[in-house]
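In structure tokens below, several structures.
Two complexes are shown next, each including chain A; its partner changes from chain B in the first to chain C in the second.
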Partner chain A sequence: MSAAAPVVTGIGIAAPNGLGTARYWTATRAGESGIGPVTRFDAARYPSRLAGEVPGFDAADHLPTRLLPQTDHMTRLALVAAEEALADAAVDPAEPGEPGSGDLDDPGARGVVTASSAGGFEFGQRELEMLWSRGSEHVSAYQSFAWFYAVNTGQISIRHGLKGPGGVLVTDQAGGLDAIAEARRQLRRRSRLIVSGGVDGAICPWGWAAQLTGGRLCTGDDPATAYLPFDERAAGHVPAEGGAILVLEDAAAARSRAAPRVYGEIAGYAAGFDPRPGTGRGPTLRRVIESALRDAAMRPADIGAVFADAAAVPGLDGEETAAIAAVFGERAVPVTAPKTMLGRMYAGAAALDVATALLTIRDGIIPPTINVRPARRHPIDIVLGAPRPAPVRAAAVIARGHGGFNSVLVVRAAGTAPPGPGTEPARGTHHARQAV
Partner chain B sequence: MSRRVAIVGMGVVAPGAIGVKEFWSLLQEGRTATREITLFDPAPFRSRVAAEIDFDPAAHGLSPQEIRRMDRAAQLAVTATREAMAGCGPVLDSLDPARLGVTVGTAVGATMGLDREYRVVSDDGRLSLVDHSYAVPHLYGYFVPSSFATEVAWVCGAEGPVAVVSTGCTSGLDAVGHAAELIREGTADVMIAGATDAPISPITAACFDAIRATTPRNDEPERASRPFDRTRNGFVLGEGAAVFVLADLEWARARGAEVQGEVAGFGQRCNAFHMTGLRPDGAEMSKAIDDAMDEARVDPEEIDYVNAHGSGTKQNDRHETAAFKLSLGEHAYRVPVSSIKSMIGHSLGAIGSLEIAASVLAIRHDVVPPTANLEEPDPECDLDYVPKTARDWRTDTVLTVGSGFGGFQSAMVLTGTDGTR
Partner chain C sequence: MPDRPFELHDLRRILRESAGIDESADLGGETLDTEFDALGIDSVALMETASRISREHGVQLDDEELTTSTTARRLMEMVNERRR
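Then we have the complex of A and B:
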């Protein structure tokens, strides 16, 4: 719709340390972990027995009974987060637009783009079990869509009457950022509002078997030493469920409907893929961070906090900290990984990091990385142990997916777009962006 | 001025036709590739027909490790990618890998691999707490279909934006639409884009049986896929892959590439109605068509051929017939409309890309592929569906559409290379 950066006007969160934005943010600022023993199935026989599960979530408290038999657990979490985000933005998408406002009247101006990694895998396990233990006629009529990757976008669209574009990106853990970037693309085309982000999770035995073969799960039973990115003891991650759904709007559209709050702008984004191992070519992340900054027309010094991918796999941690140091300078920008409180929630993780970055900007508090004693070889300034007060005007979120996916998204406080073109020498005012 | 997107390479693996040339012969001859299922024992199922590919991965150059690592859907995608790259001329020469991206569409990912491996780790459903020690080492790659994009990126050396787009049965259109947008906005100069699915497995058969979406016409498999026919009673499951090399048009021309067609416009909408049901009025598909024509700057009268979704379910064929009338007006009654699913079945997320390939070939040959098996007209489907026999027809501008579970409705306008726009 316009060249101005789209704005985030609503946030909904489902996280292992709190359901709902308020509970999540209170817990996260306090460094409270949501990681614990798996409760959703008996994990005793598996080498990995910890998870980040959304606490106290009873879907029947939140959703109409009719939706329960047709939804996987992660879809229920997504529907609850989407409802919170739309309420936060004070949007009733089914409401017709203001008279005379052109395509505001078109419900097609409002769409959904989400990320997925493995779909409704727990639902899929149950139906596979029905098929092979009892026979094909026992497979649920809902299997055809409850497990597939597009389910959250479809269900959110139907529940809230969103008839605009519907997208689904699958890039493992990078997906949360790729979905938000696709939402931005749709806002630049025809749409005025896009519900976006990711909520994910596969905490079931079949999901466990699959994730174990990825070779990146940690073992052990102590939540305080399980997931330790950038630490000498780093030995994989704790899987988790949850994520965040955001309401993104064209800046002018948000202004014209007097949206109650603007958390910030989606200022820049880039994605790139690592070369195939063995080709001798180096990793792509540094270039992707630089491209995202260039897209935001910002300099490294404009970034007040970096939310790291934090794989907790030594080689990947090394690649990430080297790229951060190369772009921002050694120990020149605060880096944090709230994931250490949550575990890794695949397609949900980076969307939640974007939400957290926006809350960081709002409150001037960078949430901590817990449990970690950073290895000296990582030349970065990690926000350890306690939250750090800091006036953050812009933040970068890094997300990397299994197989080579790298994405970086930059958010900034609304109306703080710098006048210059960032990493290139200033060439005049034509790069200036309209303040929101 | 927005950049334009050219198709400069194409690869196809389809039922009854491996390779673009074979694919076009099958479509032009109106041959059907539907048959009784051989990929598993179909006896317990309501619908026992499918459009299968006789695919030997080793014969198509996949190495033993690639065969072990990849689900069949990834193998099909890689095979189609290699054909597309071999035919795209000089556009990949001296290209900065950061300016090359990949978009792979799939609706259901590694369903065959997941079904097979589930049986092992659960001992045929006996163990709810599955035994992970029996899992193949590459199970994670089946778990996340993003592995398909990784495989294709490894084949072509892409280091730009790489992703899987998974919007159910519109994935094949949406993946190409997404890639085209990355070129238009300047993020990439060349994209390898397409879609794949290999869903012919017991779990897929069971879930479509459960909602009676697939046809029970088991006694005459070769005539089972009957889009727009009065006697149609469900779709025939298929498999396949189609992959394109897309490039910025000017960039491709400057390198002397042969431009096979142009992705001129794309539209995508949700019906916000039902996960599997369609509103009979076709309103949201019509909006997607309008968006695509608007972006392509073509009027309804300029559409020479409509490549329909035409799945052969009662509700779909009615729904899209209504959408064509809404968007094209009187022209809907004059323009030829056909469904290649009558010949190669419905390969879920892949079919949209296979239909783009068919559309580009229709433009190249000035021939409209037929709707096979259309014998008894349905009064509710009263357009010209090109029954049974291909038609010589001057074709420069094609509309192709898709519709899928989740409520997704997509439309794309493809044009020839006469340079009139």
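Then we have the complex of A and C:
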């Protein structure tokens, strides 16, 4: 409701190299890969056999038994991440009217907006198998929603009593950013708190078959040479499961309830769509990055790290590095792709990159890109092999979805908005505001 | 399909599979008359329960019978009434 940028007050993470923010961040700073052979089904007969799977996840350890018959694996991961994020923010939205909670007891003031790409594919496959092999009476009643794109939003909403705006964005890999942007829109209206982000995953035969038709999965069995964005050897990606759920709050609301921590602000965002192939018009990514910076009222030099989409498809990699170099200058900003440790988690990926960017700002350590030997034609400074200590006050996250989606989100340390047109002036500078 | 009354242990097992009701939650005694709502069994869970009862015991409850079966005792009675 205040015009100031919304803040992130809680983070929950489920990633192939660690479940939970602490484990993930420790592993990610150290460059530890979570990519390995597929274990969720027998992938031996498929051309792609590697995945990023969240290790050691037994849903029964984390969730009430009541939720187990009705949830897909990726929804279970999302519920665990959402619980972690809300606990991290020290807010229990189901408990209305805490002292100092402002309007948090208004049911319309708290909501959920997540990203999704495929919904609960594994659940859906199992029920379709029942339908074909045994008949409709054997299909679970929960199939009515468990496969559905919006299911994570719904389950998080029900579990935590978030009765305000609910939504889901389906824009492939760009979704994690688009969902956070929609959360920001809701916070600019009447919401005080929105749980957002994305957790995704479809590591099952049906999901595999669908992803293989896209032609962007790498083959081969060596996790160290499978997913190599910006490398001459780039030949597609490793699919993964996981993502991040964030608690976003109106800045004034977070202040008034004395939120225990503020990771940073959602400073800027823009989205664009690439022209249809064959029209001769170029990709929109450069303009999207520039628009996001303009939205944040920041200059390229204000950005201390870029989290790349890192498609590992040579043409797409070229577009991305050209756009980064055009906006920031050649080798002028550290670029990283922690995804090289994880694989691509579709709607979960960019949300996790946002969480990672906020942790980078907090700790002053840019996590590395692993396994990659960058091709010389990419004019960017990639953080390779080892984490790079650097005081990062703001970071840009790039996410590109299959079919032409381009989104960019800028996060920055709280309270570091630069002065200038378009930004909310600091408190007590009303005259400056009127002058603008 | 078993040719015997639909008993508490049948319902317990089916509720565990269909609604994730914890085995340690003793469905019996007082909870036999606790409203399903209060046990965390919502309308979809009840549909799934009815679907399993139909598959395993050959008793198909219609929507009205289902919505009036709001406790374990009433659900068992409804199923056994229909078996006759």
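Please note the rule applied: the second predicted complex is superposed on the first by the 413 of 436 C-alpha atoms of A that agree within 3 Å, B and C clash if a C-alpha of one lies under 4 Å from a C-alpha of the other, contacts with A are read in each partner's own complex, and residues count from 1 in each chain.
Please note the rule applied: contacts are C-beta pairs under 8 Å (C-beta built on N, C-alpha and C of every residue); 3 or more make two chains touch, one makes a residue touch a chain.
The structure presented is a predicted model; accordingly, all values stated were derived computationally and were not measured.
In the superposed model, A:Leu212 makes contact with chain B only, not with chain C. Of the two partner chains placed around the shared chain by superposition, neither chain B nor chain C is touched by A:Ala89.
In the superposed model, A:Ser144 lies in contact with both chain B and chain C.
Applying the stated contact rule after C-alpha superposition, one finds that A:Thr65 touches chain C and leaves chain B untouched. Touched residues of chain A were counted for both chain B and chain C, and B has more of them.
On chain A, the patch touched by chain B and the patch touched by chain C overlap at residues 70, 137, 140-141, 144-145. The part of chain B that touches chain A in the complex is made up of residues 44-45, 97-98, 101-102, 107-109, 114-115, 118-119, 121-122, 124-126, 128-132, 135-147, 149-150, 153-154, 157-168, 171, 174, 178, 181, 185, 202-203, 205-211, 213, 268-276, 284, 287, 291, 404-408.
Those residues of chain C that touch chain A in the complex are listed here as 16-22, 40, 44-45, 47-48, 51, 54-55.
The touching residues of chain A, when paired with chain C in their complex, are 64-70, 137-138, 140-142, 144-145. Within the complex, the chain A residues that touch chain B are 41-42, 45-46, 70, 107-108, 111-112, 116-119, 121, 124-125, 127-137, 139-141, 143-145, 148-151, 153-155, 157-158, 160-172, 175, 178, 182, 185, 188-190, 202, 205-215, 271-276, 279, 281, 284, 287, 401-405.
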